[in-house]
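Written out below as structure tokens is the structure these notes cover.
To keep things simple, chains are lettered A, B, C, D and E as they appear, and every chain counts its residues starting from 1.
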Amino acid sequence: MSENHQHLTNEQVKDIDENIAWAKINNDVLNSMKNPRKGYWVALVLSALLFGVMIYAEVYQYRNGMGETLLNTSHMWDLYISSFVFWIGMSHSGTLLSAILHLVHADWRKPIYRFAEAMTTFSLLTAGLFPVIHLGRVWNFYWVMPYMSDRGIWPNFRSPLIWDAFAITSYLTSSVLFLYIGMIPDLAICRDNTTGWRKTLYTFLSLGWRGDDRQWRHFRFTYLMIACFLIPLAVSVHSIVSMDFAMAIMPGWHVTTFPPYFVAGALYSGCAAIITLFVLLRYFFKFEEYMTMPILDKVCKLTFVIAMVWTYLNLIEFSAVWYGHDIPSKEVLIAKATGPYSIFFWGMMFFGSVLPFSLLSKAVRRNMKIMFFISIFLNVGMFLERWMIVTPTLSMGYHPQGFNVMWPGWVEWAMVGGSFGWFGLLFLVFVKVFPCVSMYEVKEMVYHRKRTTYADVDEMMELHSGVPGPEAQTQQSGGA
Amino acid sequence: MSKTKIDRRNFLKVLGLGSAGAALAGCDMPSYVTSDEGKENIYSYLAPEEYVIPGIGVWYASTCQQCPASCGVHGRVREGRVLKLEGNPDASVNKGKICQMGQAAIQGHFHPERIENPLINGQKATWDEALALVAKKSGGAAWLTGAMSGHQRVLIDAHRTAGGNARHYAVEVVNARPWEDASLATLGDANPNLHIDKARAVLAVGADFLGTWGNPVKSMRDYGNFRSAPRGVLMSIEPAMSMTGANSDIWVTARPGSEAAVLMGVGHILTTKHGVSVADMPSAALAFADMTPTKVLGLSDVKEEQLAKIADTLMANSPSLILANANHDTAKVAQVLNMMLGNVGQTLTPSAAITAEALLPVTGSSKDLVEFAMDAKAGKISSVFISGTNPVFLAPSKLDMAGALAKVGFKVAIADFHDETTTACDVVLPASSALEAWGTHVPVDGSDAGEVYIQQPLMENVHANTRGLGDILLAVAKGAGVDGLAEFEDYYGYLRTAVSALIGSDLEGDWNSILQKGKAVTAVNHSNFNAGGDVALGFSEPAAKAGTLTLITSARQGLFDGRHANLPWLQEAPDQISKAVWDSWAEIHPKTAAKIGAKDGDYITITSANGSITTRVFIYKGIHQDAISVPMGRGHTNYGLYAKNGVNPLSLLDASSGDRQTTELLNSGVSVTVKPTGDNRHLVRLMDVDSQHGRKLAATITADQFDRNQGGA
Amino acid sequence: MPADRPQRKTFPWIRAFIGTAVVGALIVVGAQIFEQQLHPVKPGGTPPPRVPNADFPTDTFDGKDVTQPINYSHKLHAGDLGINCLYCHTYARRSKVAGIPPTAKCMGCHTVVGTEKPEIQKLTAMWSKGQSPAWKKVNDVPDFVHFSHERHLQRFLLNNKDMNIKDSPDVCAMCHGDMNTVGVAKKMKPLTMGFCVTCHEKNKGPADCTRCHK
Amino acid sequence: MSGPAKTIQPKTKRVLGLFGDFDQAFEVIADIRHYKVPGITVEDVTLKSPIEHPEIEEVLGERTCHIPKWSFAGGAFGFCFGFFFLASAQANFLAQPQGGKPIITIPSNIVLAYEMLILFGVLVTLTGFILGARLMRKPSGLYDTAISIDQIGIVIEVGDDEFQPLKDVFTKHNVIEVHEEALT
Amino acid sequence: MPSLLGNVFKGWSDYSKGIEQGGNQKYEHMFSMSIDLDKCTGCNACSTACYAENNLAWVGEYKFASRQSMHWMRIERYFDEPDVGSSDPESLDRGASFLPMMCQQCNAAPCEPVCPVAATYHTVDALNAQVYNRCIGSRYCANNCPFRVRYFNFYDNAPTAWPAPMDQGLNPDLSVRSKGVMEKCTFCIQRIRGANETAKREGRELKDGDIVTACQQTCPTSAIVFGDLLDKTSEISKIWKRQQVKLGTYKQEKENKDLRGYRIFEELNIEPKVLYLERVREV
């Protein structure tokens, strides 16, 4: 990751070098799918191993029963649900970067939104695992689906868990389609430049894309519409997840500010994860010219903003509980800060609210290595947040008889670790098979920026390009 | 009679075992797996009586044998299996209620560790061999049993008289002996009839009538009425909190062994402050006058206002009832107070025993245990039958019961479980469970109901080769050549004739109704108190001085004296006070804990002159600072899979010390030293919190705003 | 211009989608067949018995042949000799289980009737030894289903004004099929929850889970 | 997609001109728009481009796109279907597991119907896209991989004697190469 | 299911209303329990009776230590009494407070709406039923239960809890729960159904005292009363009336302050159906 010190001057100001040849863009991206750096293979093997551990743990738990997780009568949920919420949160990054930033015409998203969307899809697939493996009778998980059976019984549509099932299904479908549609022109490029099974695959997937203006026109509208659908969907998904808790009567869960709080947390962890993968992919696939310092810089600023929002919502939740003066909830809050779990609570506060301030320093923002670790710590903080939402409430609750402290067993930890393996496996395979930088959109970016950087803008351009001029470039870099 | 027998046998034929067994398949299989054709067997009856319908439970009356109280029970029988026990409403002792030990009888009955075959020196043998050997070698055998009554006792006595009249030792470590002794001395009635329900105030001094004293079910039933309007006040004085103490409105903790002093202190205040006259009992008056509150304070740490409060409550709520079992002296003082307060005749009435003395219960005591050990050591016992008790477990290590038994030439155990004693015996005769056997029992309550409870089999033997206690006794007696038994082929036949003799009828009509009610009613002879006259009250200062720890081996409903330690249900039923399960613990006061530097869950070693045990502490304020209480029941060395945990505090006791008159072990304090071993493991309890955290869970209302006569409604 | 550019030949959309459709169809059909294996339900089947004031599913089920310790023929006893179901399965009207008739009931006739037949001699041997034959359960529901014969007989036979006690075969046939036609007992109705629920729905039976699942 | 011919002359061949510089391509279109080529109007022009740039489509003039209608229809259907599907499921649930609460619970059904709205909205939009963009059909053979790299192509159907003037316009704006295929 | 949409329009007015607006569900019975804490001695008899009646698995020390035990009826013991004030700091001067805690069969049970598969729901007897074979073990209900009285089969307890021949003592009237299923106190639903069938057999209505729960039957001090609230003559409804506790409200207005009736956590507006009578203290 050290070759990013070549032509600093460029990197300081420009999101991307406008003079880059379009053919080169094609070649770089297509090559990335052929020969990545060694690190890629290391990561792949690592993920596979982790996933293996998860499989083993699941089999073990299936054989011996849920008790192996050391869950108990008060702690019916623990790490599984925390990780579920965590992974759902992760998935909001893609929506944020591609959908929201697309709507506000922040074109610096273009080189990096593809893998962000991939992240959305795969973290959803990971999140989907947890509600299933945490079931006592896994083999009956399909009973939550509303299918017509001769028994005349249906799911209970009043249960937030059913809402989860619906929301996640639609979110998964929509985000997969969003990812796919955005990829069609690139698939056409791949189709034109590959051979063998890849060609067959891409030919099939590119649906005979020829780049006609009619196709482009419909493409633009479709992409726009789905983006519009996706944003409210993303919000609804995570607020529904938050309702798993907010709909319950337990102290510490029954909080009205949970939905926005969860959404903010989701965007937060999503951005942090984007930074991590940004650094990794840039290294794996030699994308130094596309995933540039200024873009990372912008993402970091975005992350900081969201971190502040999250902190704020966190604080108003506390104050709401405090001044609401519902004794059990207050006890739970106090126990969070002082009780057996306090170390994790304060860890969450530090990683989630204090650490982001380091993003104020330009030096930090533009240092790949540091950003890599910071982003990981931010996500650790977010994981702790989810854990601190689930567990302290269960350790207190209303009834003193149920007060107890519980530490997850190895099975649960294995599952959580393994989920990262599963995610990594899916993601790494994806970026190897599909172009993880959007070629055509990088071209657009270059095209538009080039025109704006030239002095002689003919009337056609003035008429039609909504892209700001050169001096606007620098202050535009706040994210649209 | 044999006809009824055949029908019963047919009725009891176990059928459709598949159904319950298959239930284990549970719900995790899709229906088409378990309901596949031809997978399960189903057996039909041979020739059932018409009231026997598969799938419909029938209730049969019998008698509970889980503790000496012998309550009447109903057993629900379905497809030839007894599934559930409930109290028998016709039994005047418990009137349809039973305690957790009775509920757990089912588990003991179906227990996987029952003895299934006769054993000779641990080797499997046939009944004929075993009985022949017993008949050969058990001449003039002594009997070592638990509390005994009914025709089993008759047979035992017959056997003893036939063979040189050896002694019958009846061992019950948990007993009411001090109370019986004192009542006999003061009222001339060992077992007066108690009316807790009639009392407005009850003062219990070491008499845990809600736990293990007397017949707890009867007492609890009365307690229910006692609490309903007009509500009575319950007070107790004891070193460590018992179940009675845990339900007391006023609970006073006294230094172990000083209970008599406290009661006398109460007497002092009654005489001085309230002017109750003890004119007719000068020496008692002397004793009261002597026991000034300051002296009481010095002896027992009980403050004057506490004494005054008790005295005032006793005066305010009459009639009252004072029950004491701490030791002989205390019980005597209690009876004197009862007389002074005029309770005698109101809440204490003369007992009425049935006329057939031969059936009357032999209430056990630990004195017999000690004496048996002594006699055995002295070689006075050639051979012995052991049944319904576990001397090796119960005896303090100082007695060296194992060694004593070794001195006995020939030992026969009649038991349904292997325990420490059966392993020490030459012959083990497998008894079937109480739910499989015939028998008669006379309860130890002084009521004038004159009932003899019938114990009838609720199902066919689970293990074919076991025999009911009665059948075994009959066979043994026959073997010993007791005359007049030859005509009876089995105990059922004997019992039927015996009962007909008892109620003076040929039974043709009555027998079924007797079986239905589970009791035969016979004549009683009413006695009278010969109260009055002077009573000398003594008080021996406890050996242990202030500041030294005294060990209390408290008995709890549940494991009782340890006989139920092999029942998982009772092991897992949290202890009433500490809420601990599956293991022993030692209760100490926070101050004591601070002194010895122990915190909750620490292992401590408790050492007396006779040995030491190591267990975990449970720290709470319901115990005197000079006392350490280790509930008994656990610490078995050889009582099966489920009774492995815990320690046995009885082993620390000192056989020679103990109550002045009755030399009862249970309440005899033995002074111990305590020191933490350093390791700590969380004591497994139902709940780790003792506080309600301000929630309105078990709410309370103060008596002043509570309308006593309306019962709060 | 060169007409053989690789881009000219286009992807076979039609074939691709037909292929996908075929595979999907195969999966669906396979699932159906598997389901059939699990509990083969044939709608229609035997003509519904005549039970007034009742309306019930006519699904049938071809259960496997079970070998019983004694080769008892329902066709002979119930069908040809016309013995009423409730004569042998007399518990059905009083208990949740219909029960197997006690051996004494068999011997009631077979001490004199058909003593020469080998099966009867088998039975007599068992009877004299005082043991009862180990019948194999044929019509069985899972252990978490608590079905009561009594309730259903009350509803459809005893409290059914248009029914006479001798019509019991029709009522039994609702769930057991026409036993007069088979030899050794055989499962002839699916007895799945769907089967029960359909009937409960049609006949306004209790729609409460805990009536059957306790 | 080629609009109705403005001349009587029958179209005989289809021509593809590839341009390296996009401005050149725009100017070609501008020329066509100003009828520099007789008989050919801007409606006949099909543009093949490696990137999506709204500017050019402005040059091509208003062309229809019905995607938003598709999305609206899908969303509306999804909502109604969702709500009534759930309602009917609840209404037909044998054991009404509601404990005195309403059997058809509006709030929860709204939430779920909302999800269905989005799901069907997306799906139907996709369908609209595939149909509207004429994807998954046999495309015209006139295509060049260069288009997927950096060149912009203009496809026009011409009659025999319109071909030459068009070619001149192409060459004037220095076209890189010109493909043609006969219409059958 | 035939006529999918038909039912919606047919019963819309019913279906969209709750019982309080005369909605669909009419209760046939409303079984309730009252426990007099002043009589409860905490002797565990009810708890063990429940083990025997309801096929409860015992779990052993290790699982009990990790709080995976299965006692539907548990006796809690508290030493402090907020209403009366703290006792002598040196030592206790009065007994403990015992609290039998089992499923409170709330009428507005928080566990019901959250079950994804409707395995727990309200029957027409106003029982909070648990259908074991429908349960998939999401354990949401237990999380949402303020009383912590729902117990989950974390293991397949049957083999260890009933080694042969102990399984012969199992109660065939109700299922043995297997691994991964939630379970809880059912007010002895098998006894309720049994009594119903007997009543039907004898062609009469269910009358007070027909149904006796296992804990009530064994309770030596008769602290437990069980019955049907809709039957105005039943003892239980008399008690509720006498104590002036209204089922549907979470704030009780009582005339005289010596009434002892209260329900635990009724302020959560979950309408518990177990009425406790306060313990009386002499102070």
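Methods note: a contact is a pair of C-beta atoms (placed from the backbone, for glycine too) under 8 Å apart; a residue touches a chain by one contact, two chains touch by 3 or more.
Keep in mind that this is a model prediction, so the values were computed, not measured.
Chains B-E form the pair joined by the most contacting C-beta pairs.
Here E is the chain whose Cα centre lies closest to the centre of all protein Cα atoms.
Inter-chain spacing, taken between the CA centroids of subunit A and subunit D, is 31 Å.
Averaging Cα coordinates per chain places subunit B and subunit C 54 Å apart. Computed from the mean C-alpha positions, the centre of subunit C lies at a distance of 60 Å from the centre of subunit D.
Contact of a single residue of subunit C with at least two other chains is seen at positions 7, 10, 13, 142-144, 192-193, 197, 201, 208-209.
Multi-chain contact residues of subunit A, defined as those touching 2 or more other chains: 137, 152-154, 156, 158, 162, 192, 208, 398-399, 401, 404.
Multi-chain contact residues of subunit B (touching two or more other chains): 19, 23, 25-28, 686-687, 691-692, 694-695, 697. By the touch criterion given at the top, residues 1, 22-23, 26, 46-60, 63, 65, 67-68, 71, 75, 85-86, 89-90, 92-95, 97, 101, 105, 108-109, 111-112, 114-116, 118-119, 121-123, 125-126, 128-130, 132-140, 143, 145, 147-150 of subunit D touch subunit A in their complex.
Listed in rising order, the residues of subunit B touching subunit E in the complex are 17, 19-21, 23-28, 78-79, 81-87, 94, 96-100, 103-104, 106-107, 109-112, 210-211, 216-217, 220-221, 223-224, 227-228, 231, 233, 241, 243, 245-253, 306, 313, 462, 557-558, 568-574, 576-577, 579, 581-583, 589, 620-625, 645, 682, 684, 686-687, 690-692, 694-707, 710, 712-713.
Remark: subunit B residues 28, 686-689, 691-695, 697 touch subunit A in the complex.
Those residues of subunit E whose C-beta lies close enough to touch subunit C in the complex are 121, 123-124, 127, 129, 131-134, 173-176, 186, 189-190, 193, 197, 200-201.
Only residues 84, 87-93, 95-104, 106 of subunit D touch subunit E when the two sit together in their complex.
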